[in-house]
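Could you have a look at this structure, given as C-alpha cells, before my questions?
Naming follows writing order (A, B, C, D, E and F), and every chain is counted from residue 1.
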Amino acid sequence: MKPIVYRNILRADAGAIEVLERCGVATVHEAQSRVGLMKPHMRPVWKSPAIAGSAVTVLTHPGDNWMLHVAVEQCQKGDILVVGLVSDCTDGLFGELLANSLVARGVKALVIDAGIRDSRPLEEMGFPVWSRAIHAQGSVKETLGAVNVPVVCAGALVNPGDVIVADSDGVVVVPRPRAQDVAAASAKREANEEGKRKQLASGVLGLDLYGMREALASKGLEYSDAVVDWYSGREGL
Amino acid sequence: MKPIVYRNILRADAGAIEVLERCGVATVHEAQSRVGLMKPHMRPVWKSPAIAGSAVTVLTHPGDNWMLHVAVEQCQKGDILVVGLVSDCTDGLFGELLANSLVARGVKALVIDAGIRDSRPLEEMGFPVWSRAIHAQGSVKETLGAVNVPVVCAGALVNPGDVIVADSDGVVVVPRPRAQDVAAASAKREANEEGKRKQLASGVLGLDLYGMREALASKGLEYSDAVVDWYSGREGL
Amino acid sequence: MKPIVYRNILRADAGAIEVLERCGVATVHEAQSRVGLMKPHMRPVWKSPAIAGSAVTVLTHPGDNWMLHVAVEQCQKGDILVVGLVSDCTDGLFGELLANSLVARGVKALVIDAGIRDSRPLEEMGFPVWSRAIHAQGSVKETLGAVNVPVVCAGALVNPGDVIVADSDGVVVVPRPRAQDVAAASAKREANEEGKRKQLASGVLGLDLYGMREALASKGLEYSDAVVDWYSGREGL
Amino acid sequence: MKPIVYRNILRADAGAIEVLERCGVATVHEAQSRVGLMKPHMRPVWKSPAIAGSAVTVLTHPGDNWMLHVAVEQCQKGDILVVGLVSDCTDGLFGELLANSLVARGVKALVIDAGIRDSRPLEEMGFPVWSRAIHAQGSVKETLGAVNVPVVCAGALVNPGDVIVADSDGVVVVPRPRAQDVAAASAKREANEEGKRKQLASGVLGLDLYGMREALASKGLEYSDAVVDWYSGREGL
Amino acid sequence: MKPIVYRNILRADAGAIEVLERCGVATVHEAQSRVGLMKPHMRPVWKSPAIAGSAVTVLTHPGDNWMLHVAVEQCQKGDILVVGLVSDCTDGLFGELLANSLVARGVKALVIDAGIRDSRPLEEMGFPVWSRAIHAQGSVKETLGAVNVPVVCAGALVNPGDVIVADSDGVVVVPRPRAQDVAAASAKREANEEGKRKQLASGVLGLDLYGMREALASKGLEYSDAVVDWYSGREGL
Amino acid sequence: MKPIVYRNILRADAGAIEVLERCGVATVHEAQSRVGLMKPHMRPVWKSPAIAGSAVTVLTHPGDNWMLHVAVEQCQKGDILVVGLVSDCTDGLFGELLANSLVARGVKALVIDAGIRDSRPLEEMGFPVWSRAIHAQGSVKETLGAVNVPVVCAGALVNPGDVIVADSDGVVVVPRPRAQDVAAASAKREANEEGKRKQLASGVLGLDLYGMREALASKGLEYSDAVVDWYSGREGL
C-alpha cells in the first residue's frame, strides 16, 4: 500500500453517534438492513459499556505496531481507533502505554483485528477494547502502513469517519453518509421493540404477535399430536 | 427434513432432574460412563448457575430462526430449549425478545449450536444460555425445520425429553429412559467424591488413595534421583 | 517417550521469581527479548492474579491424566505444574480433586495445554489455572508419560525448573539459568515504563517520546492534508 | 460407555446400496431432504471413486485405536467401517496394517472422525478413506470402547447397518430403514437433473427453467440499469 | 441490504486482464504494493490454470444460493463470478448445474467465500473454482441479496468490474481503475524476476544480489563460528 | 531473541539419514517412542517423495522473511531448511526465487511453520516443501531473527543438525545424537512390519496376530449376539 497519513477526515454527525451508541450493535445492525457487522471473533477485552464514535483507521502489518503510534496523533476527542491488518495476526499490537496516549486525546475505544496485551490495566483504566485475541506477544516498529484510508477490519469495510458501534455483542460499522438515517431507523426500531418486549414478556407468542402462523402453514409446516418414544420407535402411549 | 412439530413429548422424571441439576455436568458425565457430552465450543454466555431440564428440540437452518419462534409454543415450565443446525453457523439466532417469551413460559435455559445476541440483556434478565458464539448477526424467517425430533447438537444426540444438564463446564445430555439411574449414580459419585476431596485436601496423595503405584510400576514407570541440568546436559550436582 | 519420573530438579532463584511475578507476562516477555511466550489459546480459567513459580513438567497423552497424579508427588511449595501433550486435546484432564492435592502441597498454579473441568470450584478455591479449553470430558488412567523432562507446551519449550510467569495476558517461560538476569531486566523495564506512562498520559506523543518522526520520514511516510470523501471519491471540500 | 461388541447387525438392502453409490453424496443428500451429512472437515485421503456400503460402527477414545482392531473381525464384504470418537482428535488411528486387514475381509472403505497415517500406501493399495486429518501420530491400545452401537461421527448420527455414501464431496448417512426409499428418490432425482443439465448447458437460465422470476419480484427484488462507478460514486456514464 | 441487481457494470481493460492472468497472483499482489489479497482459506477446488477476469459480484446469505441464479443472467463472456456472504458459511452453494449455466455464458471461473459441491464434475468440466470448503450441504432459495454491489469476499473488498486474478496461490483483487497500471507493473516485475531467478539458480546469493549484507550488519546481526552442541551446551569441538 | 547466525553446526550421520529417509515418518516416529512429531497442520505443498536431512534452523517474525535469505548461505548439500516463527503466521514467506537459491546449494527441502507461495513453480522445479498454508501474501525484510539456534516448529523442538524426516504423513524430528539408534530401530521395525503386513493381508486378524483377546477380556469387553434394530429399539429377529 502507499505509506500515507491523511490528517483530515470527515466525521459523522455527533447527534447521530449519540443515538447509535444508545441503541447498541444488534439494533443498529438490524436498522441498517443487516450489513456492516464485523466477524464474531471480535470480542470485548472487558465488560465495557456500549460505545460509538467516528473511526480513525489504520492499516498495519502482522507483528508491527508502528502505525498505531502514528495514528494516535490523528485522533480527536470522541474518535474510535480501528486497526486492520494486511494478514491475520494475534500478536499484542496494543497495550497500556498506547492506551494512555489515546485516553489523553479523548479517544473512546480501540477496535483491532489482532491481539492486545495489558488486558488487566486496560480494564482498570476503563479503556474499552475489542480485539481478536489477548496475547502478550510484542511487536516491532519497522514497516510503514497507512492512516485514514479505507480498511477491511474483521470482514467489514471501514472508511475513515464511519461510525463504529461496539458492545458486548460485537462491532458494527455505519457508513458516515448514512449515519443520521440509520440513527433514526435505530431509534424507531428500539421504540418498537420495547412494545414487543412487553407483550412477549406477558406471554403473547411471537407466532401471534408477528402473525407467522399463516406463512408457516402455507409453506407446509405440519403439527402432530403423536407421542413418540424415540428410544423404542413407538408412537402413542 | 420433514417440516413437522411434535406437540407432545415424554419428559424425564422431575426428581431425577433435580438430582442431576445439583450434581452438575462433570459428575453426571462420569456417572453415565462418559458419554453424551457436547463439544467444548459450547460456552455459557454469562456465569449462570448449573441447570437441568427436559429438552424441547429444534432443528433449524443457518441464518434462520423461524423455528425458534415455533418452538416457544411447545415449551413448558422447566424445559430447556435445545437448538441444532443442519450446518455450522455463528449467526445470532436468539436474543432478548425470544428470551422474554421463554421466560414467560417458565423455560429454564437455552442451549444452541449457533450464535446468540443481546448477551448483556440476557444476563440482566438472568436467563441462562449456552452457545457456540456471541454475534449480533440477524436472521431471516424463511425456511421450515422441525420441533421435537432427534437432533445432533454440538456433537451430541438429543432426543426430545432427554435431560440437559449445563453449567460452567459445558453441557451433557442424559437419555430420558436412563435419567433415574444416572441421577442415582451421580448422587452416589458425588457423595463418594466428598470423602476423596477431604483426604486429598489433607495431603493424602491420589497415588495412594486410588492405589495406583502398583499399576504404574507394572507398566514400567521408572523413578530417577538424578539431577539433570537440561541446559548443560549434565547429570548430578 | 521413556516413562520416567525425575524426582529432583534444579529450581530457579526465589528472589528472581518474586520479581518476575511482580512484573507480569508482557514486561518479562519484552525483557527477555520476546521469546518463550506460549500461544494465545492459553487462557486463564478465572481472573486470577499474576503468578510465577518453578515448573514441574508433565508429558501426557490425549484423554489420559494418569501422569498428573504421578506428578503431584513431585511438586513442592511454590511450584507450578506444567502439562504438555503428545498431540492436541481439549479433554478436561484436571479438576477439583487434583486441585485439592496441589493446594495441599502449596503448588501455586496449573498451566495445561489441554482442557480442564470444575471451573467454578477452581475459582471458589482460588486455585489459578491457565488452559486451552474448559471441557467436562473425563479422562482415563492407562498410558505412561514422563515427569520433569523437557516438554513443548502451547508452542513454548519448558525445561523442569524454568520459571513460569502467567497473568491475564497469557503465559511466558523464563529459562532457569536466565532467571536472575531476566528479573533484573524486567524490573528495569518496569521502572522505565512508569516514566513513559506518565508522559504519555499527560499528552506527550509516542512519536516524540520515542523519537520516531525521523525514521518514519526516512522510510517514506507521507502526510496529506487532503480531505477525501471516500464515498464520492472526491478530494477537498 | 458400556464396553460391548455387537456381532450381528441388520444390513441395508444390497440393491439400494448399489443405487446410492451410483448417485453420489450430493444427490443422495438432497433426495433424503438434506439431512445426515457429515461436517466438511471429513475429506477423502486420496481421489477415490464414490462408494457406498453398510456401516460397521466403532466408538473409541482419543489417541487409542484398540477398538479398530476389535471391529475388523465384525466386518463383512461390502461393509464400511465408521469410527466416532468420544472427543476431538487428529491422531493417526489407522494406517497400512489395519487397511490390509480390512481389504482381506472385503471392506470397501473407512470413514473416521480422527486422523490416519500411511496416506501414500493407502492410495497405492486403492483403499478409500475419509478422515478429519492426516497425521503420523501413533496410538495406544489401552481403553475399551464399543462396536456396532450408535455413534455420532462428524456431526451425523450413524446406526450400525446404516448406508454410508462417500465421494469427493464428503460423506452422507442414509438410515437403514429408509435406504430403499432414498435410493428410489435419488435415482429419480438423478434422471431429472440430467435433463436440467442439458437445458442449462444450452443456455436456458435457471431463472426461467425453475420459474423463479415471479417469486423474486414478489419478494421485492429490484433491477437497475444505472451504471455506477463505485470508485467515484457517480451513476450513469 | 437493499435487494437490487445492477445490470450494467464497468469492466476492466481486456489487455490488462490478459497481462494480469499471465503474471499470476503472487506477482500481481506484489506489483500493486501487497494489497487486495483474499485470505488463505480460499483454495482451488482442482488444479486449474491461472485465470483473470472482471468480477460480477453477489452478496448472499448463509445456506441460500438464490442470488447465484439471479447473477448468472448478469454474466458475460470472460467474467468471473465472485460471491460474498453476510456471515461465515461452508454450505455447498454451488454445483454442477450452476456451472453448466456459467459455462454456457462463457464465464471463466467462480470465487466463493462459502462451500461448493460436485467437485469431481467441476474438474471434469474444466470449470475453475476457488472456495472456502467442499461440502455437499444443499441450500435454500428464500432470501434476497444483491448483484453487482461492492462485497467483502474472504477479507478483500471487491467492486463490480474489478479484476480477479486466481491461481494455485490464491486470489487477488485489482481495482478496475488501477488495472492497466498494475498490469504494467506486473509485467515489469515478471521480467525483472526472470533475471533474478537465473542468477539465484546459478548460485548467486540473495544476500549479494539484493545487497542485504550492510543493512543486516547495521541492524546488529552477528555471525559466530562457534560450534555448539545444543544437547550438552558445550561450545567448540 | 539475540540476532545471531551460527555458521557451523554438527550434522547427523549420513548413513542414519539415508535409513530414516527410506523408513518414512510413521515408522521413524514409532521407532523413537512417539515423540518429535510436528502438528498435523504441516502439509506437503505437492506430492513429493519422502525425504530426510540435517536441519538448518531459522527463527523469524510474522510477515518477515529476511532471515531466510540469511539462512540460505548457511545451507549445505543435503540439508533441510526449517523455519520457526515467534508467533502464528500464514503469510507466504517463501517462493520460487528462494527455492532457486536452495536448489543451487543442494538443499533437499523446506519445512516452514508459515505460508509459502509459487506453489505450482515449486512443484515444477521438484522442490519439496512442507508448510502451514499456501498464501501469496508477500513479506518484508526489516527485522532480525536467528539462524542455527534451537526453534520450536509446529510444536516440535528442532536443534540445528537434528534429522528432519518428512513425507505425505507429515514431519518428524530426530535429535542428532539419537539418529543412529533411531535409524537402527526404524529399520528393525520396518522389517518386522513387512511380516505382519503379509499375515494381515492373508486374513489373519490383528486380534490374533498381536494376541489381544485376553487383554480385552480381562478389561471387561463383552460380546453380544443380539440383533438390535436401533430404529425400533427391539432386540432379536
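Before moving on, here are some points about what is shown:
Assume contacts are C-beta pairs under 8 Å (C-beta built on N, C-alpha and C of every residue); 3 or more make two chains touch, one makes a residue touch a chain.
Note that this is a predicted model, so its numbers are computed, not measured.
Chains that touch both chain C and chain E: A, B, D, F. Interface comparison, C-D against C-F: more C-beta pairs in contact at C-D.
Different-residue interface: chain D and chain E share under half of the residue numbers found at their contact. Put simply, the chain farthest from chain A by mean CA position is F.
Comparing each option in A-E, C-D or D-E with D-F by residue number, the pair that reproduces over half of the contacts is D-E. Centre-to-centre spacing of chain B and chain C amounts to 29 Å, using the average Cα coordinate of each chain. Taking the mean of the C-alpha atoms as each chain's centre, chain B and chain E sit 41 Å apart.
Separation between the centroids of chain B and chain F, computed from CA atoms only, is 37 Å. Residue numbers of chain D whose C-beta contacts span two or more other chains: 2, 34, 37, 86-88, 90, 135, 137, 150, 231. Taken as a contact graph, with one node per protein chain and an edge wherever two chains touch, the assembly fits none of the named shapes, being neither a line, a ring, a star nor a complete graph. Taken pair by pair, the chains that touch are A-B, A-C, A-E, A-F, B-C, B-D, B-E, C-D, C-F, D-E, D-F, E-F. Within the complex formed with chain A, the chain F residues making contact are 61-64, 86-91, 135, 137, 140, 142-143, 231-234. On chain E, the positions that touch chain A within their shared complex are 1-2, 33-35, 37, 39, 86-88, 150, 152, 155-157.
Residue ranges of chain A in contact with chain B, taken from their complex: 25-26, 29-30, 34, 37, 40, 43, 167-170, 172, 193, 196-197, 200-203, 205-207, 210, 212, 216, 219-231. Residues 2-10, 66, 69-70, 72-73, 90, 92, 95-98, 100-101, 103-105, 115, 117-120, 133-138, 141, 144, 150, 159-161, 175-177 of chain C are the ones that touch chain B when the two sit in their complex.
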